[in-house]
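Next, two complexes with chain A in common: one pairs it with chain B, the other with chain C.
This part shows the complex of A and B:
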């Protein structure tokens, strides 16, 4: 079973930027791409557990603020060392002006 | 500035499992570090990547390196060669460190291949395996000056001052670098390297070391064949006779300051420097700022300093002033290795994170 969880308003995230979203014990990074689409990944870098919401979004890449490891946030794929393991990604939809993320229970 | 002594056990700098467990138990390994609060828009603007400044500086660097190198060749055998050897040596043996560092972070250029190309070239000049040292530096940023975790602590306590002085001509650094490269080339990663380099990267480390060793072997063979020191003055040698500026600036980064803390304001030093040193050093004199926000490129560090200086100890106004602070601290640490320099924060700063670093 899965639920759509309300995250934020669409204009809470600038284009080519990211915010942190915590839900229960889990933390996520929610992205607004340059094309206006929204994406969601695990919030913590797979290298050293640093939150990616403090990082830099460049096109479809999120760069970790601590060690400059990079991921493609549309696929979760690690693209630059020291990040080796991929990020989990989650479905996102926009309902009206709200961004929602789908989480498995 | 106040001076502080603490009462902690003797330091064991080995990157062993036992020391790692101790650091984790103390909350010092992979810890959450203090950061100055900054406006997201402001820091995003500073983090933004550009190719222009690094292309400009790299063209100047390589141009001067080429011109001074050609002058060394042309004037070899004459006393007139000496000033050109000194210039070439610093551009090779000192400027390489900052290029290795910034391109290793991937922040110098916007374009990834440019970062990688300069990183590999500079890694060769500075005699560092580009694979193992990338991981070593990641650890340095995770656990900055955490004893038993950080592989890049330049001056351990109590300080070995003879070693520090001899490293101004690269004596120990080159010895250890060549030993590491030869071992890596033979397929062996040392214990401390295995502690921070993932196994999947070991093959790349071996391949990179073999490339370096082949070039050094060819240089030595050429010198012997033509009966001249010139090849070694141009390749490899500058890592010794030209590294003094790298040491002079690099020691200031953390020397004499706190260890085993999780607030970069306590263990890192920002020093205002002349424009020539800042070019050679690529603005790493803003070292507290760099550690707090490692994604900010070298060319934006002066602006970052202006943005957060209200929350940092006042920078040392000169290299000379930095040494006047650091050298007495080294001397005090010979008698008491727990001693460190603790700089006063301005009234506008948040207090040091005592809760995170008291042991």
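This part shows the complex of A and C:
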């Protein structure tokens, strides 16, 4: 079973930026790409439990605020050491002016 | 077997070199030799324990090595280099041929001079087993004296104070972190330590230690059940020097990390490298070690190396993060950028207006994003208006985008 979960308004995230979204015990990073699309990944860097919402978004890359690991947030792929493991990604849709993500149980 | 790449040292530099060579398409033999018995692990967590004991954090998953045909030899020393025969001798008696040899031998803690502090039987921190010994030996309520107010000393002070030890830090210079950060940042770090119960003695030396009491040059005496020394590191150059290679505060290499022997490279904490327009330097930084190893790995693989990033490092103390990019005192003007969440970034610019260096300190990871933007401004040689750099209402990213 999966549900669409309300995250925020579309203008709560600037373009080429990221915010943190917590749901239950889980934490996510929600991105607004320079092209105006929204994406969602796991919130914590796969290297060392640091939240990516404090990181820097450049184009489609999120850089961890701590040790400079990088991921492509549209695919979750780790693109620079020390990050080796990929991030989980989640489906995102925009309903009206709301951003929603889909979480499977 | 055709000789391939041999890497002496399995720290962050050495394994990053192996990985970079493989990722650059090198299909020859790669052998990495490390004297530590553990799988290659990250050293930064060894001074920053968030629980009761240091974490053993592997750099790569254990199956990465075999999966990428990298022959990792753990718990084995390289004992000598025969340059004419292009071989290294191992502690096991084995002799390995190389086409390219990378010395990634790292550094060792600088020791107190014999009799510098009579009565001292100090601990040093470099390896996971050193960290384990500290964690096992020092319990809540212990009296700890740390000699050296640099990063290792202060991170350990924060770690141990958080575990309810009574910590004194003694620093010979008139401020902590004097080599690494500007005085405004030093002061913030100092205030945090004082606030959390660490006693800091600057401009002070330890004259002697007797029966668990340290006698300071200030005339004070403090309880010192445990003594830890963190006064910098010395590069591990013996292998290179014994092989007739030049070393002066690190194994001398050119800008491609090649020693005077074209088949032998050196990178990371053990090497001394030319800096564009600024003489030579040896770095003690996790990021620099990985970046230099990566560069050397690409060169050894015959690939075109990606440019080096500006030197960067970080420290964690009491839930605050310090990040530094560039090299201090290469700048001529300092501007201070105060962060809305608390904390500050000191930015040094050169005469031409480009940023040479920045150091930030703030709770959590609040400095991370700005420091990474500053690194990009430096990479791009951007000349930024000091008024904008110091204005907290002007996002640094806007300056980056405007260029």
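Going forward, the second predicted complex is superposed on the first by the 105 of 105 C-alpha atoms of A that agree within 3 Å, B and C clash if a C-alpha of one lies under 4 Å from a C-alpha of the other, contacts with A are read in each partner's own complex, and residues count from 1 in each chain.
The definition used in the following text is that contacts are C-beta pairs under 8 Å (C-beta built on N, C-alpha and C of every residue); 3 or more make two chains touch, one makes a residue touch a chain.
Predicted model, so just to flag it, every value in this text is computed and none were measured.
By the touch criterion stated above, A:48 is placed in contact with chain B and with chain C alike.
When the two structures are aligned on the shared chain, A:12 is found in touch with neither chain B nor chain C. When the two structures are aligned on the shared chain, A:80 is found in touch with chain B, with no touch to chain C.
By the document's definition of touching, both partners, chain B and chain C, reach A:67. In the superposition on chain A, A:56 makes contact with both chain B and chain C. On chain A, the patch touched by chain B and the patch touched by chain C overlap at residues 48, 55-56, 58, 63, 65-68, 81-82, 84.
Here chain B touches chain A in the complex through residues 30, 40, 44, 47-49, 105-107, 112, 134-135, 138, 141-142, 198, 200-201, 293-295, going by the rule given at the top.
For chain C in complex with chain A, the touching residues are 16, 19, 42, 57, 59-61, 64, 286-287, 290, 294, 312, 314, 321, 364-366, 368-369, 372-373, 376, 397. Put simply, chain A touches chain C in their complex at residues 48, 50-51, 54-56, 58, 63-68, 81-82, 84. Contacts from chain A toward chain B in the complex involve residues 17, 47-49, 55-56, 58, 63, 65-68, 70, 80-82, 84.
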